[in-house]
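These are the structures, in structure tokens.
You will see two complexes here that share chain A, one where it goes with chain B and one where it goes with chain C.
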Partner chain A sequence: MTDETVTPTEEVSGAVPGDVAGIRDAVSVRLPAVSAYLSVLRTATAGLAARLDFTLDQIEDLRIAVDEACAMLLRHAVPGTDLTAEFELTGQEMSVRVEVATVGVTVPKRDDFAWMVLTALADDVDAVSDSPDHMAIVLRKRRGAARPA
Partner chain B sequence: MDLKLDHRTEDRLTIVEVEGEIDVYTAPRLRELLIDLVNKGNFHLLVNMEKVDFLDSTGLGVLVGGLKRVRAHDGSLELVCTQERILKIFRITGLTKVFGIYASVDEAKEAHGKDK
Partner chain C sequence: MTVIESALLSAGASAPTVVYLSGDIDIFTTAQLRQRLLNTLDYSTDLLVLDLSQVTFCGAGGLGVLLGVQGRAQAQGIRLALTGVPPRIARLLRVTGLDLRFEVMA
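And now, the complex of A and B:
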């Protein structure tokens, strides 16, 4: 996994951009890596999910999933740095990559409530460790995928 | 929206009213309140989550921490919650089996009264 380079634009191969021809539906949000800004990112997540006509339940799932991923990252973020969130919207799916700068830690814990909630609410979750001083989580949610509560 | 906290004691039950969003930013305030209540001898807590708009695993951790503290004094920490989107987080983590969860404050008070 450490040898893999994952970039959002390559990850969603064959993606058809949004409904408007010629517009790539990709949004980057950069915020201070502090917890006070998480509510802003949750709101942005909900707004973008609404563009794909996700149901209200799915929008809520995404809001929580992005929040959980970021909360996991913020524990290890270098003070004074930024958290970046890159959203990519295709016809049926939203992909979100959240990333922070860390010192030494590149893989999030997988045995706590946060990981449990994150993996239950997103359809796919990957912890991406393609850099020794960054920690990233990529999550995806598809519009049609029904998951039990 | 930020987090609003309030509390009152009725008989032996301390009711904690929570309104707003419980996340990694606001959860420490709830944690401090629960710790403070327990330190002051309130060992039977009822957390009303009917006005909670958002709850993540940080909030769950705070509630579990509170439960551990009151149980150390043979106390209880129970919840009022009927919101499906909040209950879903408890179900995912298996915590519906850990907390007593009631549909209203009155229902919880009645159940608590029977336990006395």
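And now, the complex of A and C:
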């Protein structure tokens, strides 16, 4: 259902002013912190990754990585609050910070299968829990970086 | 996420039970999927085949459900196999090492 949006087409590349390496975009998405909305965020992730001319495999890696990060956060999110995703696109890299409101300081379980998948698919992953009422995961993926087999 | 079971149409006890999954398998749909597949085990023949060809998304949670169902199937003497595995899911199976845990049929 979301597949139509993930293919980086000539048209999308052509719509970028200047060369791709010159991109520096910041995009914020705010959604209710419930699992029903994750498909929307996956679609946004794929669409933004396509702007950077990521390969289809890399776009899929990002789609899964963002989904895993959000799935971890949603377990701790305060009901009725929002999940925010801040994407930053530079010429070679996409970084995504996803964040939810929590009660107290919470950190993701790093021995979790989902964490293993997340770190395998993204180039860098950091869990940020510096504030007592928020929890965030920041992940980065570079275009052209060596990718898992 | 949609689950279509062909078991009721299958000819006899020796025929495989085939279940066709479609759509996104994510944390919004995994609980429902797990329950549907566990229900399927109650009337499955000795070979349960999950056709993933129409699955549009599957992350770690989805693989976890498949692993859990495989374990329950084995406990009941049912062999579980995957078929129609899309390239994206095949890649995720390799990345996680789970390709060695599942039987994949052409």
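As a convention for this text, the second predicted complex is superposed on the first by the 124 of 149 C-alpha atoms of A that agree within 3 Å, B and C clash if a C-alpha of one lies under 4 Å from a C-alpha of the other, contacts with A are read in each partner's own complex, and residues count from 1 in each chain.
Here, contacts are C-beta pairs under 8 Å (C-beta built on N, C-alpha and C of every residue); 3 or more make two chains touch, one makes a residue touch a chain.
Nothing here was measured: the structure is a model prediction, and the numbers come from that model.
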Report clash or fit for the pair chain B and chain C bound to chain A in the combined superposed model. clash
Who does A:S39 touch here: chain B (first), chain C (second), both, or neither? both
Considering only the touch criterion stated at the top, classify A:I64 as touching first (chain B), second (chain C), both, or neither. both
Applying the document's definition of touch, where does A:A120 land relative to chain B and chain C: first, second, both, or neither? both
Is A:D82 touching the first partner chain B, the second partner chain C, both, or neither of them? neither
Between chain B (first) and chain C (second), which, if any, makes contact with A:D130: first, second, both or neither? neither
Residues on chain A in contact with chain B in one complex and with chain C in the other? 35-36, 38-39, 42, 57, 60, 63-64, 67-68, 71, 74, 113-114, 116-117, 120-121, 149
Can you list the chain A residues touching chain B in their complex? 35-36, 38-39, 42, 57, 60, 63-64, 67-68, 71, 74, 112-114, 116-117, 120-121, 149
So, in the complex, the side of chain B touching chain A is made of residues 1, 21, 23-25, 54, 56-58, 60-61, 85, 88-89, 91-93
Residue numbers on chain A that touch chain C, as the complex places them: 1-3, 35-36, 38-39, 42, 57, 60, 63-64, 67-68, 71, 74, 113-114, 116-118, 120-121, 148-149
Considering only the defined contacts, which chain C positions touch chain A in the complex? 23-24, 26-28, 56-57, 59-61, 63-64, 88, 91-92, 94-96
